[in-house]
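Structures are listed in the sections that come next.
After this come two complexes, each holding chain A, first together with chain B and then together with chain C.
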Partner chain A sequence: MMFYARVLEITLLYTIFVIWIYPLTGLTGLFSLGQGAFIVLGAYTAAISYLKFGFNPVIAIIFAVLLGIAVGALIGLPTLRLRKDYFLLITFGFSEMMRGLLLWTAQLTGGAMGIAGIPKYVRLPTISISVLVILLFMSNLKKTRFGKNCIAIKDDELAASAIGINVFSHKMKVFMLSAAVSAYAGALYAFNIMFIEPNLFNWIESAKLIIIVFVGGLNSLTGAFLTSVIYYTFGEVFRFANVWRDVILGFIVILVILFREKGLFGNWEFSITKIFRFLIHRLPTSKEGK
Partner chain B sequence: MEVLKVDSISKNFGGVQAVKDYSMIQNDNIITGIIGPNGAGKTTIFNLISGVQQLSSGKVFFNGNNITKNSSFERTRMGISRTFQNIRLFNNLNVIDNLKVAYGFKTEYNFWQQMINSGKVRRVEKEVHEFAMSYLTDFGLEKYKNYKPDSLAYGLRRRLEFARALIVNPKLVLLDEPAAGLNPQEIHDLIDLISRIQEEQKLSIILVEHHMELVMKICTRIHVLDFGQKIAEGKPEEIRKNEKVLQAYLGDEV
Partner chain C sequence: MNMDFILQQILNGVSLGGVYALEAVGFGIIFNILKFSNFSHGAVLTICAYIGFFISTHIVSQMIPALVITAVLGGFIAVLLEKLVFRPIRIKKRPLTYFFVTSITVMMIVQKTFSALWGRYYFPYPEMMKSAVTSFGELVVSKIYLMMLAITAIVLLGLTIFLKKTKMGIAIRAASSDSWAPALMGVDTDFIISLTFFIAGILAGITGFFLGMTYTVTPFIGELMLKGIIAAIIGGMGSLGGGVIAGILLGITESIIVAKVGASVTPILIYLSIFVLLLVRPQGISGKLYAVKA
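Let's turn to the complex of A and B:
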């Protein structure tokens, strides 16, 4: 039982990461290899402000989020006006820079040794509520004008600005929010796993998050969420399969990209109202049946 | 009343002078046509007026305000709408959402209200939906509201892009080759549509077009470009007889 609770915790933590890659890559079409760096930034900020400066864990997490937003703005301002491929390269550079910085400021960060002995403050309930709230916010943003504007930007930036969408401001908002949530999730991670080190989330991990969004379907938040849950649960439960685990997963990814271009879930979106409508539609017939 | 004033604008691409010292004054409630051989700089002029490209020199005024430094989306918000030569619709959004995103900047709720999907957002969105539906009906596209634009026939896509440019109630509309790729019947319908909407909304329209019948029929004034320069300007019947124009189109030995 403990094992499954543990798997669920880790799965949900990673799912928070994926949910906020979704608006960036799925909606706006920006590829960032730096999301891992924001996660590490959040984890380290929270851990250091708790252990070295003795702040309350809640305040430590708030610090992490604020720093995430600030660094997100710093990286976004000069780079989001560039073409998308340059943006990708710069976020990659940022990710490597963050790793280097953590290794070189060993007095504060413990360098390659990482930081151990962080107390476990965050457990399953906190993580589950966070996932629910973040998922709700994200699905609202996707449903309303903001999300549609982002999709318009992904499809055609020039046409988007020609119909009056402020492309830069949208990209900035998405990037900063995603930095904030990544840092938040990183802070939760630190208080849950209790040990952090600089190589926790390198750019390969960031790329993995993007791949999950692609396999789930760029147009489907439900897809991103479910694929991430399945992927990380699968990863933990099938740990015994060793190297073969990655081979199987890689094979599945290739199959999906080849045969379902739009991802596993395509444009499909889970919706409570749709289910209600479906039930109400069915209701009269079932009553007549009695 | 003067809507748009373009004051000797130029545009260089490296060594190539795409547009040279072009000036025009556009009043409200008229249709102006810009014609000229391929590569004469017609689309570049549209890009400069709508702010898609930055001009090398000159000034652009809209309703008396200098908008030379304003970016594309700001000019659209002021009331300059445009369509594109190669249709640019959002293929991941369905037909009605294509109109709704265009109307978006006129709605009055902020980012955080959208995040919690507040009552105001839902109320406004419902109004926007109905408004967009009435537009689709007006353009004969209501059947296709849930289609993706790339599954529509070419003529319908042109019409949708036109609807998208008009839904924000602009003062000036730039149409870049609205008849390109349409069959004779569709061109006929398009002429009716443009004239009807222009009359209804008292729009000011500038259009670039190769289809002479359309230009001669609906334009009140015509500008002729060649190698980035204006070589003639006047009423359709004047342009038809202008020697310089005939030379540019047919060569010297006429």
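Let's turn to the complex of A and C:
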């Protein structure tokens, strides 16, 4: 059962990454290939402030989140005013820049060797509570005025600004929020996996996060969640097929895009009570594993 | 820093920048006509780097014939991709984002397939002219760089003439400014889009061959497309001439920074300067700004 608990841990960890693509791509219609860089940023900030400066893990995670917000603001400021393609390409460049930065500051970050020997502070309960909180937050965000404004921006930017929605400020808020949570998830990753290196999350991993959201259905949070759980569990259980799973995912995406426009789950969502019921059924089995 | 050093770096930079310029044009020509960031350009580039390796080791050992075959095959691969994937999306009138997600998926499939199949091996191109050097006074230039520069110049010149003078070229330019009006004027838009993909594929083939020759062939060679994308941004998205100038400038800057400061700082400096550029002058060198139209 240890193995399954471990699989669940990793799956849920990656699911946090995927879920935070959802408000960015699914709600607002922005494509970021730099989410991986925020995850790496969070992981390194947490690990370095814990190992080199001796901060408490909680404070280290807070540092990671703050730095994520700051860097997110820095990148969003020049790019989010322009056409969406600029944002996409600059975040792509940002993820490469992050790698260059980590390799360059090798004295602090260990360069290509990465950082090993991070203690394991984050276990299954922390991760699952984080997933739960984020899911609840997100499903409510979708129903608020802010979320609806974001959907309007996704559908037609010009029309949204014509009816008085501040497009730039909405995009900026969503992007900074997603940067913050990506950095938080990265910090959890560092304290759970216990080893980080610069190539942890390159741009193709960030692209994969977007692709998973697309398979699940752009309008369905449940779809994004379930697809990511299936995909990452599959990867951990069928290790032997690991090299081919991305190829399979790719072909599924193309088929979905061609023949099922709205994604596998379309607009379908769990209601909150159903999510609670679902999780209550789920929790005892995961407790047994410990 | 003496004069010879700078000249040497500029010479290296120009031939490297020529490759970036080719990438920028291949990326930009699709962006112009379909208005999406075509990441599958990198996929064609990767496939062509492998094809070029196979052809030059097993079929013809001269550089020029191998390059031509690779380029034409690259063109056909791109057209095949367009017909299989992008055309159905276009016919079904899906939003633009679907094009982008598909193109990045194609890139992922190619990269992961190649790393699953041959990721363990090295594929160095044969030593065609690699060791040969010519010297002008103090300057030492490898012949391969000169060849690359000459071919790039010829290709770009030919493309310019094609786009400006021929009927099909004019149709491509017309379709870039508006996809609907040319169709009313009797232009076969489907054919024009296929033709554009063919041209982009040829450019990707040449770039793949050159990059495979200068570096080694790995599944990750397609990521070098990033430099071309950066050149396209600096040049102003959608302007081919701006992309060429920006590509060459990028090559020169890069080789000077690598030689003076070090290879590890180069990406950081280049991306920082792009952030500044976008803050100050988002329309790029050419000053062509694409607004979101209704």
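As a convention for this text, the second predicted complex is superposed on the first by the 265 of 290 C-alpha atoms of A that agree within 3 Å, B and C clash if a C-alpha of one lies under 4 Å from a C-alpha of the other, contacts with A are read in each partner's own complex, and residues count from 1 in each chain.
As a working rule, contacts are C-beta pairs under 8 Å (C-beta built on N, C-alpha and C of every residue); 3 or more make two chains touch, one makes a residue touch a chain.
From a predicted model like this one, the values you see are computed outputs, not experimental measurements.
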Three-chain arrangement built on chain A, chain B and chain C clash or fit: fit
Chain B versus chain C as contact partner of A:77, first or second or both or neither: second
Touched partner set for A:159, first chain B, second chain C, both or neither: both
Which of chain B and chain C A:173 touches, first, second, both or neither: first
Partner chain(s) touched by A:149 [first = chain B, second = chain C, both, neither]: first
More chain A residues in contact - chain B or chain C: C
Touching partner for A:253 - first (chain B), second (chain C), both, neither: second
Partner chain(s) touched by A:141 [first = chain B, second = chain C, both, neither]: first
Least Cα gap, in Å, left between chain B and chain C after the two complexes are fitted on chain A: 8
Residues of chain A contacting chain B in one complex and chain C in the other: 156, 158-159
In the complex with chain C, residue positions of chain A that touch it: 29, 31, 74-75, 77-79, 81-86, 88-90, 92-94, 96-97, 99-101, 103-104, 156-159, 203-204, 207-208, 210-211, 214, 243-244, 246-247, 249-251, 253-254, 257-258, 261
Touching residues on chain C, where the partner in the complex is chain A: 31, 36-37, 85, 88-89, 92, 94, 97-98, 100-102, 104-109, 111-113, 115-116, 223, 226, 229-230, 233, 237, 264-268, 271-272, 274-275, 278-279, 282, 290-294
Touch list for chain A against partner chain B, complex: 137, 140-141, 143-146, 148-149, 151-152, 154-156, 158-167, 173, 219
Of chain B, residues touching chain A in the complex: 50, 52, 71-73, 76-77, 81-82, 84, 88-93, 97, 100-102, 104-105, 107, 111, 114-117, 121, 125, 164-165, 168
